[in-house]
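In the two assemblies presented below, subunit A is common to both, partnered first by subunit B and then by subunit C.
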Partner chain A sequence: MQSILDGLVTGSTYALVGLGFSLVFGALRVLNMAHMDLYMWGAFSGFVAISALSNSVVVSILAGLLGGGLLGIAIQKAFLQWLPFDTLAAPFIGTIGLGIFLQNAAVWVFGPRQRLFPGLVGSEYYQVGGLQISGVQIIILVTMVLLGLGLTALLEWTWMGKAIKATSENAEVAGTLGVNVPLVMLVTVGIGSALGGASGVLVGMLYGAVLPFMGFVIAVKVLAVIVVGGLGNLPGAVMAGLLLGVVEALATRLGLSAIRDGVAFALLFTFLLFRPQGLLGERIRAR
Partner chain B sequence: MSEIVLRVDNLFVNYGVARAVEGVSFELGSDEIRALIGANGAGKTTILKAILGLVSAAQGSIESPAGRPIQGKKPYEIARECAMGYSPEDRGLLMRMTVQENLEMGIYCRRHRLAGRLPTLLRDIYDLFPQLAARRHQLASILSGGEQRMLSIARALIGQPRVLILDEPTLGLAPVIVEETIRAIQRIGQAGRGLLLAEQNVMVATRTASVIYVMERGRIVYQGSPQDLLGNDQIRTAYLSGTALLPTAEAG
Partner chain C sequence: MLGYLENVATTAGINAIITIGLTVVVMSGQLSVCNAALAGLAAYTAASLSIFLGLPFLLSVLLGAALAAAVGAALSLVCRNLQGFYLAIATLAFGAILVTVFENLQVLGGAMGLARIPPRTSFFNVYAVLVVLLCLLWRFERSRFGVALYALADDPIAASAMGIHVVALKVLAFALGAFISGLGGGLYAHYATVVVPGDLSFHQEINLYLYAGVGGLTSYWGAVLGAFALAALTELLRFSIYERYLLFGLLLALIMLLKPEGLVKRFPRRN
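== the complex of A and B ==
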């Protein structure tokens, strides 16, 4: 059980990045390979906010949301919206290049080495029903739940949420219904990137460090999450993120920590072979 | 004619170097149904898409129901006037949304004004299309083809547009559903709005519209009442032999 709890905590960070990635994919139909570097910039935003403003968990998470979100919006306006979307390769390769640029920019600003993320909560563990859970783990789980509920409320109960869902499914139809598609895409990229940024801060808190190449580490895992969850499927991304975290934790528990990262690949290949539409994916067709 | 709610004047549309629509002009009044008919590739859908801003006009003018020119505007800028409801050939449904969510999206352009009246608008729509009421909480993707078509028309209608544009509303439907759709179009056409129809099925067009435009290779080659059209053997033979379900003058 302890491994499952630890896995759910790590999985929450994967789920948040995957959720943002899936949201952006839904809106733009682009695998935004720079998303993981927005996660890294979100982490550094939290780091800077703590250093410059306040030693507060809330401030650092808000800074991660804001940093990731604003950078995502800037990238959409300056780069993504100009990419030729009629080919698969151009946006894919283009966003890989953009990710490298963002990494280099982070190295230029913060240096190539990892920076210690200040401890915001005590390192003591709490006993809950025979399980041990740290303050940071509680923060991660609570943040994941709050952001997930907030996103659900936005998508289900607001006109902007309906517009996001409509645009994600069929931008042309959404346009004929009066949805300002470019604006909705911008907002969606902002929200998706903000989720990535918040996850970066949480990972910074969990491991006590941030570094310019942290996006590279999580990239393969996020790809596994969105394939396992079903491309563009938001609940699927959350479930897949949590599943990956738990499977990794169980692999570590079984003494397979050396090949822990390989678990993501194994999960990815298994789903590609046996359930390519993902956990919750379904084939939707017009009759 | 009643008040003009849509005016298309000397419209030309090109796809690359290919000319899809050539010098098309027509008007639509606020309480009438007009139909564009012709075989596949005649340019019917392209005209509708130009009216909605989905393709650009190379030349000519289109005046929206609000009396404003729409050239150069994006689809959402045109739709924001909420003057036109559109049911596309492929039905254009949001398959991951329920029937009711699709209908709610039908008032998106007027959401601030109509949101408070949504329950009444939904009730009116369910009265008009009772089969949708029973399926209001089901995903659009699991409806039958006929129900999807009804939902598409209902969504176009719920925002109370002055012009309703239906592209091939009976395409692919079973005969009994075609009959239902025709009756629905007739009911909608009596409700004081302009209705523009693109159809390959001449029987549907002649039973619903008061003015019919026969199109071939992007041009209007004949216009007249259904009776005139069906009584004109020359036009029937020359232009309508490739279209579906060509009725006789007596049958029409």
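== the complex of A and C ==
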């Protein structure tokens, strides 16, 4: 049970990055391989906010949201929207290039080594029904739930949310129905990147460190999450993220930590072969 | 100085060979993100054959490449229903699984890798392989297979209507690309004298895409140009690996934005 709880916490961070990634994929129909580096820049935004402003959990998470979101908007404006979307390889590889650039820009600013993320809450554990949970883990779960609910509310109840869903369903039709598609795409990329940034801060808190290559570390895992969830399927991405976290934690618990990473990839490969539409089974035209 | 240039040129040649393998796969419309992993598989195989069985250099390199080709063909066949991003992610996952496998194979050194591989690769045999390869590809491009491959890349549906067996051709292209990358991998093993699981990682795939992307994704001349251009840039920008990659990343992003086919467009092929 303890490993399942720990897995859910790690899984929440995967879910949050995957959620943002999936949202961006829905809008742009491109795998934004630089998304994981927005997550890293979000983590550093939180780190900077703590050093410069105050030792507050809320401030650092807001800084992560803001840092990731603004950078996302900037790269959409300056780069993503100009990519030749009629080819398959160019956007994929272009965003890989952008990711390399963002990573090494972070090295340039913050140095190549990891930076210690100050502990914002005590490191003691609380007992809840026989399980141990730390302050940071509670913060992660609460933030995850809040952001998830916030996103759901936005998508379900606001005009912009409906426009986002319409655009990801079919941008052309949405455009003819009076949706300002470029604006909606910009907002979507901003929101998705903000979620990634917030997740970066949470991971920084969880492991007590941030580093320029932290995005690289989770890149393949996040791909696993969004494929297992179904490309562009948001609830699926959340479920897949949590699932991956739990499976990894259980693999570690069973003494299989050496092949822990392999588990994620094996899961990914199996899903691609047998259930490419993902966990929740939305049919996908791209197949 | 001469020795230094020879080292740089040998490395660039090996990278060019591995990247050519990637472009052959991409040429068939399959976005493979596991050519570095397949090259690594061939490197491990060739190295083991040299170390444990004492097979001659050329034979072990060829057998390593053959294994990579077989695995590549099997992968392509298993993934025949996956297209576009789905295939890219599947191959990426496959490469990552290979890394985990080699990290846990204690016989082959586990995470420490396989060391003390006999140093047999030289400037001359790398360039001999490269030249032979380019000549063969030049012929291949003008053969029935080559023309079919280009037709497939342009429009799979039209190609299939013209009587091209799409799955068979894709599997063939994947196997051929894996074989070529595998040759590069075997040469690399006997040049570096060490192979580690990290040689198969996503990071190396990105390096291949850097070479191929700059030079031209669907052209083997582009692969050669890209590998040499980046080798030269690497040497010119020796001061810092991070600033170098800052520039490389920007370069790759800009080329995909402005000239998505890379610097060398596909060679005009009809006579």
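As a convention for this text, the second predicted complex is superposed on the first by the 283 of 287 C-alpha atoms of A that agree within 3 Å, B and C clash if a C-alpha of one lies under 4 Å from a C-alpha of the other, contacts with A are read in each partner's own complex, and residues count from 1 in each chain.
By definition in this document, a contact is a pair of C-beta atoms (placed from the backbone, for glycine too) under 8 Å apart; a residue touches a chain by one contact, two chains touch by 3 or more.
These figures come from a predicted structure and were not determined experimentally.
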### Query
Of the partners subunit B and subunit C, which touch A:103 in the superposed model: first, second, both, neither?
second
### Query
Which partner does A:228 contact after superposing on A: first (subunit B), second (subunit C), both, neither?
neither
### Query
Counting residues of subunit A in contact, which comes out ahead: subunit B or subunit C?
C
### Task
Please indicate which partner A:163 is in contact with in the superposed arrangement: first for subunit B, second for subunit C, both, or neither.
first
### Query
Of the partners subunit B and subunit C, which touch A:206 in the superposed model: first, second, both, neither?
neither
### Message
Touch test for A:214: subunit B only (first), subunit C only (second), both, or neither?
### Response
neither
### Task
Tell me which partner A:175 touches in the superposition: subunit B (first), subunit C (second), both or neither.
first
### subunit B and subunit C footprints on subunit A, overlapping residues
286-287
### Query
Can you list the subunit A residues touching subunit C in their complex?
31, 79, 82-84, 87-105, 107-108, 112, 216, 219-220, 223-224, 227, 231, 258-259, 261-262, 264-266, 268-269, 272-273, 276, 286-287
### Query
Residues of subunit A touching subunit B in their complex?
159, 162-163, 165-166, 169-170, 172-181, 284-287
### Message
For a test of understanding, state which residues of subunit B touch subunit A in their complex under the given definition.
### Response
52, 54, 74-76, 79-80, 82, 86, 88, 90-97, 101, 104-106, 108-109, 111, 141, 143-145, 148, 155
#### Entry: subunit A partner contacts - residues on subunit C that touch it in the complex
26, 31, 78-79, 81-86, 88-90, 92-94, 96-97, 100-101, 103-104, 202-203, 206, 209-210, 213, 217, 242-243, 245-246, 248-257, 260
